[in-house]
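Pasting the structures in now, so scroll down.
Two complexes, one shared chain (chain A), two partners (chain B, chain C).
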Partner chain A sequence: MNSNSNNSNNQKKRNFQIEAFKHKVVVDPKYPEKTWKILEHAIQEIYNHNASGLSFEELYRNAYNMVLHKFGEKLYTGLVSSMTYHLKEMSKSIETAQGGLFLEELNRKWIDHNKALQMIRDILMYMDRTFIPGNHKTPVHELGLNLWRDNIVHSSKVQTRLLNTLLELILRERTGEVINRGLMRNIIKMLMDLGPLVYQEDFEKPFLEVSADFYRVESQKFIECCDCGDYLKKAERRLNEEIERVSHYLDGKSEAKITSVVEKEMIANHMLRLVHMENSGLVNMLLDDKYEDLGRMYNLFRRVPNGLSTIRDVMTSHLRDTGKQLVTDLERVKDPVEFVQCLLNERDKYDKVISLAFNIDKTFQNALNSSFEFFINLNPRSPEFISLFVDDKLRKGLKGVSEEDVEIVLDKVMMLFRYLHEKDVFEKYYKQHLAKRLLSGKTVSDDAERSLIVKLKTECGYQFTSKLEGMFTDMKTSQDTMQGFYTNHGAELGDSPTLVVQVLTTGSWPTQPTVTCNLPAEMSALCEKFRSYYLGTHTGRRLSWQTNMGTADLKATFGKGQKHELNVSTYQMCVLMLFNNADRLSYKEIEQATEIPSSDLKRCLQSLACVKGKNVLRKEPMSKDIGEEDAFFVNEKFTSKFYKVKIGTVVAQKESEPEKQETRQRVEEDRKPQIEAAIVRIMKSRRVLDHNNIITEVTKQLQSRFLANPGEIKKRIESLIERDFLERDNADRRLYRYLA
Partner chain B sequence: MLVILVLLYSPEGIEALCSAVGVDHTDVRMLMLAWKMNAEKQGYFTQDEWHIGLKALRVDTIGKLKKRLSNLKEEVMKPENFENFYLYAFRYCLTEEKQKSIDIESICILLDLVLGSQFRPQVDTFTEYLKIQNEYKVINMDQWTNFFRFCKEISFPDLENYDTTEAWSLVLDNYVEWMKEKAKLAAA
Partner chain C sequence: MGIQKDRVRLNVGGKIFETTATTLAIAGRNSFFGAMFDEDWNLQPGSPTDHLIDRNPDCFAVLLDLLRTGELYIPSNIPEKLLYREALFYGLLDHVRSAKWGPFDGNRLRLSRSITGRAPGDGTAIRAGPDGGCCVAHGSMVHVYDWMLDEHPAINLDYQRVNDAGWIDSDSIVISACERVGRGDGGMGLFSASTGELRYKFNVTHDDQVKSYTAGALSFSSDDKIFSSCKGRSNEYGIGVWDQTTGKQIDFFYEPPAWSLGDADKLQWLHGTNCLLVATLFPRKDNCYISLLDFREKKMVWSWSDIGAPVFDEGLLDERRVRDAIAMEDTSSICVVNEYEDLGFMDLRSTGGSVRWSSRSRLMKGKMPDEPCYPKLALHEGQLFSSMNDSISVFCGPDWVLTSRLRRSYGGSICDFSIGGDRLFALHSEENVFDIWETPPPPIM
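Entry: the complex of A and B
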């Protein structure tokens, strides 16, 4: 079609009057019909691919004139019937297409129609802009689409066939065949162009239904024959396929809908079965550290409602069960260090799972923490064991380990500490063990010790660690004191044994019963010198020698001249030194001379006479136990391949049953004033408070140290009532009032 | 009247009075009389107490006193008076200065005397419990008050509405637990 411009210059040159362009006055009644026929013919030519011979300008003008002369209605009606006719012709050829050519033909015709429609619209633009809006008619382009829809897509012979063809192709693609995606895209785009309603009703809805059926069947098949990991792989693959399908030839809005179908059929419907699958389910994956499978499960399950909570719940209950078994395993509790190491290993394992597979999900971390808190406290010896673990590490475990690694171990210990309900029990043991470490000089690193104290302080506050710090201070001060002592008195001491004293402030160290024994003469003189030196510089203090602690290094020469240096406890020293002045001593003589309490003395003699490799004394009779009638001699035949022989240990050990009871009792006694202090504190500020609230508040205040028992709190309240700190309200017996 | 007055300032006097009115001196009515008289010390009536008390009772002869004693019980049992009487009974038994609690044995007798008629099953079981437990050697005013409240509010013997998390005295918590254990053993 070519465009000419045409000007009409029919103007009479009169008075420079420019008259409005006058249209030809139409008189011919056949005008509209004739004009329409021209246009109708043009439309036909367009649909017959013969548009090149047409003149756009002429056609436009004709259409324009028709509208101008009020024949828009005729034009419009004609357009409709003409287009309809041509579409029906197209429909026939589409319907007769065979097999695979059906879609191709449909596509071809659609393209043709669109081209035609555009041209027609251009020709009829004047009508589109003026007549149509004014008369509430459908614009040409839209009309063209609607007619296509009604005559082709919704024609009885095409509609069903089209849908079935599309679905068939998708099914084939799902079963592995390659299909013509370009063609699919065009056809789907055609449906989309016809409006969202057409796309949804004629394609999307049935597509989703069919897909649901497909995946329902497939998932049932898979779940019968696959293990969990494989099933999840398949599900993931299908999901990705569908997403890819949408991106290639469906409407983007369908992605969310089809993925939720897959999620529902393949995942949501089988969630529990998958998680609990024997030999391959969640628990097995956790046990075998199958990070990839776990990660896949997490990513798939997060798409469905309750997916993650299902995983979390199963993980939690499994963790609680294994944890419970761990802490109540009778074999394991025999070795506290191993016990704690297992706990740490378990925690590391799950930490790894959560970071590698579960997206560092906070809710999972919380579940991990709450599970640990649950089972750690099932064993009442956990606080003691954790302290023993720390003791072991600080004695030897961390030897040669870099500073950063030390911090890592300590931080892990702190993590376990946080789970404890009875932190005050831990404190008691920790203090005992620390005292032993400090006094025996057996700590691997002072920095590590201090670092842990700082961590405990940050966690529990100043009070928790002030006494512990006091212990460190005492050690340092003692060093300075010793220096001062030797500086001042070094000269006169000359040949005396070298004395190293640790002066301990009573309040800071674990309470010990004060027991004294008789020190050998060489020692007692020296000790007195020290005492007067110390009290000279620190008036108003009292010193008492703790002879149940302390060590001594003795140089000994035996029968055949073998020389050894013996490292012994104070008690052992007292006993051995007696043999400088006697060859034979009876039990009673030793007891009398040393005044060591009998149970300690028996243990002391046993360690000197009955232990292989350390038997510097000989006993008659040679029985294992110490009897009050026994006699003791130096073992002249004593040998050891080492020059330095260590006898007597001060290592912290797991408490015996009676010791444990005693510690527990002391802890309980210590708790009473703490509970009372908390009650008084709360009542002082609140003045009046009801029973339940007091219990809650007190428990909360004491939480950082131990879990207060409501019965115990009640008892303390009653005690405070009796002592007139509190009273019950007369009217409401549930209320307590603070008595100033 | 005057003659009797002189004798009354002593436990022997009280005994004489008791025999005169025909009431045993361990009878609860004597306690009620003491309450009415607002007597401070067990076994004694002061002169003032006697005067004021008699006036309150509106008696001036032994005969009238005797009669008054019988409907005194009615008066005491009225809900508005009983709690007052109950608390008085405890205070009355405190013999020493600054004494705050009463030993278990005396408590059991007192409970029987004061609450026995009204709450026989509770009193019997509670006193039984008190005798066999050994955590508490004495009972204080607070616990005494609590027990009365217990009798009034808690359904017996099922104890269904008892809640240990409420502000009941610990001794009652223990008593309830003991009762429930007994019931379980009995059912088994």
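Entry: the complex of A and C
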């Protein structure tokens, strides 16, 4: 517009061309002041809730014009001083508010200011968009918040009062009073709106400090008078209260901070005292199966550093102590089945604790496993006992139990088996026990037997179970052989005794010294028939009779005509058959006739003559033990309410001390080739290795079967060197070299 | 009732407009209308009185249509500038800008305007800003234009000769300039695009000593880094790296022996591979060096040079001389161009390969203008652009077929061009003038 008017002037009055440039269009000097007055008045009306009479369009246009005509600076400084003035007025009214009304007044003024700020920003939108970015000024909204912060929140008469009021309200809420949470939320929200720094400095930091003091005092009070369970309940409640408080009226980011204060003051600082608290600490909780308390302890302690490891350590040492007592308790060792059942019960108990209270925590499970591994192996007879436990279960224990339950029992046994260091010892015993079960036909369920074999196979590999499986195969083959025998020879045998032969492959079965006894004539004839039949169908084999392992069923008629069927061992059968032809036989005579080894014979006679209710023989003199001078008669007065009478053999189910030594020796002997094989395997691939590394690797390779003794490994190495499999390095004596 | 309440009568500069609050609400809360109809102001739509707005009714009609349809039609009797001023009053300037031209398509470009500057001498570079503005480097000055093509205060860095310029965001421009020996002048600086004031000057530090240096080609990465080729007094040749937010130098890639980095003509940050392409070309150096730098491993991961290339005759040498290079990450290749606008391609995945020159026509040969400008390359969303003399060619498709050619009848050869903010800017060398090419808004149907 200006240049246009100049141009037209120029054309009309060419003479005054220069003068025309002197004419400057001057804005009314009072214009900026007048315009600002209008805007200032509007701001006042807005703060006075009197804006209904204002014209937005007019105010916007006035602010626009001020900026357009380069009075942006005046507009901006005017805004700052005007808003500051109104805020100071507000501050006075807030300061004079009495007691509980203080926060309400502050909140009310904050709402007013926000509304006013929004309207002022609307009017000054053009300034916000064009003047402020180019002149390094603070945008109107932010300016309004800053001025509120400086004139109200940080004013000397409000700042401390505000903080104290907030903290006092929180304290009152902690002590059980109901406070106005909505108001709290609004005030805290205001601090957050003023920027994270204001919230943190003016509220959060002091809040956390006061809270720490509060909980320090409270936790001290609780720990003096509560037992561990109650204390944990109280701590948990406090923690939940603080989390709830944050969700109701604090900044979400404060949750982690305040909970860490509670955790530190109520848990971390008293952790050891809580765990070891007399009569109610962790050990007592474990003993009394207090799953709820244990769970609470776990959930609280997991929140603090080293919390879980503290629980775990105490649990582990307690478990090791009780376990050690258990496995070394001389009373318990007397009953292997009870012994293993105790271990299983203990294991079940802790499994339950871990799953119900400890969140199925892997580290706790590991601690449990390592503890069991620790104490089970403290007793060298554990492998034997576990095998005996299985034997007991498979003989009778699992009768009438459903298939799933059998699996559960077997799985539990496998779990214990896994802890064993000397798995090969277990294998030895297992083989013996299995052989007895199979040969005596005492096994309850073929499926259960096979299921356990499969489990052992998956655990220890094919080699471990191949012989066990061979035993099953022998049983099956024998059945077929017997069928074949009777199909071929059944007719010619007539009414002679029925023979059942189990053909056992040498090597698959526990080796027994083959001491044969003299069988009764009719039996040995039958045996010879079988031998020729068997060797006729299987050439190139050798049969030897294991008379010590057989059983026989005899029909016997006693003095008063009482008839019984006697179930006896082969040895016992041989002895009893002698009495078909004699009334009285001396020990010597029996020994001569049967050629049964004397220890076996004694046991055999003991069971025939000395067991009450089963004494089909009578002995002179009457006594508990068998003497070489004793004489034996048929007990004509024998009675039993059963038709079938089972005469047991007096056997130590558990191994006797010398037997134990023998088994041990066999185990050690069996280990030698395994250790050597491992050394050779390792050296073949490594060629050169030093002593310590060989020991480590061999131990690692063999640990699925047994824990190799370093001394023994060393001996095996020496032996291999002697046999030119290895040599020592000439320069470094610690190095071994493989010789191909 | 609902419909009646929605109705708004406005008296704009004496002319009555009837519209709906819904239409005006499209302007957004941060506009005049958004504020006006906020409940605080008690100006409920549907109130019986007209709302008087003391503004130009013709412009308001255009802006109201913009709110109604999303499209901008400026009648010939309204000066654009007047409309922009009105849009600024209402807070609708962003609406106007986004409706003014369409999304960029190299094959649909129309010449929108040509701007004549007043700087003496040849133009050095033109750079498009992110929202439609541009800056033009001439000698020691950089002239800045916003999207309305209004000129803002010009920028200079100690009045040293400017080598390159670039936009970091819509209000920040970085320029690189020659040093003035011993005075610490020149180097690289960050400026406000709207006010032209220097906001930050970047230093090069060697052994804890601040050195003066000449900054050359520039490139910016998406993770807020600035790269510049640098030449210092004491052989500090190489590529410097600065952080955009702190302004601190965070890395320096020293030039390996017999390889030129400090004199680079072109830097290009590759987002996909996190590598920097550095090209130093004839005639700045006698030979061409193109390499890819990996700053994490401080390694040159790919390189090519024409040193030792067989020379059959002088003419052929010129034909094989690379004048510009650009990496194309989508196809893992580098495109180069010779002075006859033949395109050549190299595989980025294997180093030590040679250029496959495309056998396009060599119409240019023998028809070179008196003052030739060497070709420049640009890539934008799968379209390849190459400037040659007074025209810009557009290539598309996997085989880079020539699909369009942009030419204007005057102004002479194009010495530089740049694409950004959905616009293409072309700077001419003979006359101090640059063109703005835009894609028209999408068709109505």
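Just a few scattered comments:
Throughout what follows, the second predicted complex is superposed on the first by the 709 of 740 C-alpha atoms of A that agree within 3 Å, B and C clash if a C-alpha of one lies under 4 Å from a C-alpha of the other, contacts with A are read in each partner's own complex, and residues count from 1 in each chain.
Note that a residue touches a chain if its C-beta (ideal position, glycine included) is under 8 Å from a C-beta of that chain, and two chains touch if they have at least 3 such contacts.
In this text the structure is predicted, and so the values were computed from the model without any measurement.
In the superposition on chain A, A:164 makes contact with neither chain B nor chain C. By the touch criterion stated above, A:126 is placed in contact with chain C alone, chain B being left untouched. Counted by residues of chain A touched, the larger count belongs to C, out of chain B and chain C.
Contacts of A:61 after superposition on the shared chain: chain C is touched, whereas chain B is not.
When the two complexes are overlaid on their common chain A, residue A:532 makes contact with neither chain B nor chain C. Of the two partner chains placed around the shared chain by superposition, neither chain B nor chain C is touched by A:639.
Of the two partner chains placed by the overlay, only chain B lies in contact with A:722; chain C stays clear of it.
In the superposed model, A:581 lies in contact with neither chain B nor chain C. In the superposition on chain A, contact of A:733 is made with chain B only, not with chain C. Within the complex formed with chain A, the residues of chain C that make contact are 30-32, 35-36, 38, 40-43, 51-54, 88-89, 91, 171, 194-195. Every residue of chain A that touches chain B in the complex is listed here, in rising order: 690-692, 695, 710-711, 714-715, 718, 721-722, 728, 733-734, 736.
Interface residues of chain A, counted against chain C in their complex, comprise 51-52, 54, 56-57, 60-61, 64, 115, 118-119, 122-123, 125-126, 129-130, 133-134.
Interface residues of chain B facing chain A in the complex, by the touch rule stated above, are 100-101, 140, 142-143, 145-146, 149, 164-167, 169-170, 173.
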